[in-house]
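First chain written, first letter: the chains are A, B, C and D, and each begins at residue 1.
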């Protein structure tokens, strides 16, 4: 067993520098790497390019990095819910590259899988397809999309073991698995870190080979973005 | 819950006809759809094109279909271990298309995922790459490979539920998950079929949306191809 | 009398067939789930990674790790499954989801749709909409026939940046049910009490009216 | 004295470093696992879908659902995982596996390798070999220096159909350790008691001998 465990976010984020490209898991505020984001804020690294489906809210998630002007460019599919984001984007401080959600996921997965490029119908005939190679397959037009390149991927799992194996919970899975192994270094934070052998090898979502560093998150706020409930009868 | 359960292989294989292209899961004899193969033998359908990593042994797995001359063409990565296969191939009765194992898997997955084509380095500069489009990405040559098209996919899982959700065991997983949803109709046979709600939604390998019909296999031989053991001290 | 948003959803629910996997967009489409007949089997997929969505949780039972694509807390039904974003879009791109229902700002008579961007305004992004419209075999647009300024949303050509080309098959508005044909919008049903003329007046794209147009049955 | 197959494996085991994920081909490469130092952490990947392979099972404990790429029954170690064939080749194609050790029929001085097909003979197929050699950053070929007819397997150009082009970095044979450079095979080590001349005689491709060539230490 190759041990990937590090004591905390401090060690896990060694080597993160200004100007790097980072992948960050999560959908909305669900399944985001809270502890790694907090550490990025502490480190104060700047000029970051962040590949993340969303950009957090004003005071949580990637919004924390936006508040401190640490992000140069966002590559996302949907970036509402964030006033500071809007301000920086409209003022031109922040560069934004909008990517269809499925292409965003597949471009991460392609990087993980050593697939440099693939064809998808999403975005053909729209701004997204402009300047991209297009081709007809079975009578339907597709565009060529490329794998992302990133320096670090920060993901959050429910459980993990010292070998770096990860198990996700519910829809907090989302982009986290496809970012593992999609960057030069993948850092996983988990709610519960167990010794190797405790996770069922049959039920591991991401094998440890895709993860370079794993640590137990200090605490999780897990903020709910849209609390919707029904009344008990 | 959309119920995918059918009583047996008989109903599950309704619509299989001469000349069709079939995907069959399994690696060697591990995780092969034994009951569906037996039913294909019973049906006596002919001129089949089979996409399967291997071709069974003389008297088990796809070897049973070869014995009865039901297969016109095999698309596989490795086809040793089978005398009848060798005879038919050398005599020209059987057409064989050899595909690198990773490309075989990815071409199935591409069909499942609606990706018509992707670039891979495997096979560049070899017979496999002949006549295929090639391109340099980051200083390395790749070839363009296409998604498979198939009429039926026959897979075998460990457990399944009525909604068609599947869980695989050990290395019997192999090609089975990537073939689900990669053909027009996916037929899953399972060792244990349970009511919907009994499988942990977090631990499902293949969601039921990729499966059109599911049935409990009548019996499983699970033959071991290479029994290797060590002596107890 | 033009339909309410609930009634639009109610009419669209009739298009949901037994055995369908359905993806519902935000807004009116979300309401469709409330009107699906309970004698048929349907599963709802949400592109953030869940199949088999159930109703909202009871108060106090919200789980921050279980949400839908609108970021709302949800529950799941027996037979549900969770999966990653790549597999979620394998379901969509691979056409395993049978029906996609989504809103639009504009639809053109050739099936083009625009629903993600207004030049000069803050752009939030397309989310999964471009994958959905480019992939789905069966797309129903749920929207008001005209915008707040009273301008038609059914055009000869979209004026806003496109989400997808030639992909919309059917449109249900507060005034009518229409299908997209090679020649334009084919009027299929009128909202109760709404005349063909009213629909024609509210439609800028080519409207094809053949024979008697029945009123919708909700 | 030339090395036995076990000794070739033993020498290659020294190339396996702490923290490596390793894919072992069938034949001599499989033996490498027996010689890896036990004070380093290494995990073995098998392309049929397992990471963290252990030894063969005890008699009576074979599980038909747990095999390696050679179709042999195996066991797994703590920290192991199972996965599907697409993910398995994501590990390989995505260069997450650090070292691939495999056999060959021929290797050329430009790093080309042929190990899957002999024209006129029954062709079993390439299995995962083409993916492995096209993807791996670090490939070691384990083979005898000459074939059964006594002909060199280290050539200026492969005569058999290729498995991959320009991909082999290092070769360990029964006679020598060689590295592939831009200019040809660079002789790095001799088998104990084997002279440079013997190696030169058994090598058809360009052999580069610079300075004193040490004997291997096993």
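Before moving on, here are some points about what is shown:
In the analysis below, a contact is a pair of C-beta atoms (placed from the backbone, for glycine too) under 8 Å apart; a residue touches a chain by one contact, two chains touch by 3 or more.
Predicted, not measured: the structure shown is a model, and the values here were computed from it.
Here A-D and B-D were compared by C-beta pairs in contact; the pair with more is B-D. Mean C-alpha position of subunit A lies 36 Å from that of subunit D. Centre-to-centre separation of subunit A and subunit C, using mean CA positions: 28 Å. In whole angstrom, the spacing between the mean C-alpha positions of subunit A and subunit B is 32. Contact with two or more other chains is made by residues 82-83, 86, 89, 92-93, 135 of subunit D. For subunit B, the set of residues that touch two or more other chains comprises 106, 109, 113-115, 120-121, 168-170, 202. Across the whole structure, chains are in contact as follows: A-B, A-C, A-D, B-C, B-D. By the touch rule above, subunit C contacts subunit A in their complex via residues 46-50, 55-74, 82-86, 88-89, 92-93, 112, 117, 122-131, 134-135, 161-166.
Residues of subunit D touching subunit A in their complex: 19-21, 41-43, 45, 51-52, 76-83, 86-87, 89-97, 135.
Across the complex, subunit A meets subunit B through its residues 106, 110, 113-121, 137-138, 142, 167-170, 202-203. Per the touch definition, subunit A reaches subunit D in the complex via residues 1-3, 109, 111-115, 161-163, 165, 181, 195-197, 201-202, 204, 207-210. Remark: subunit A residues 27-31, 53, 76-80, 86, 89-90, 96, 98, 100-106, 108-109, 120-128, 141, 158, 168-178, 205, 222-232 touch subunit C in the complex.
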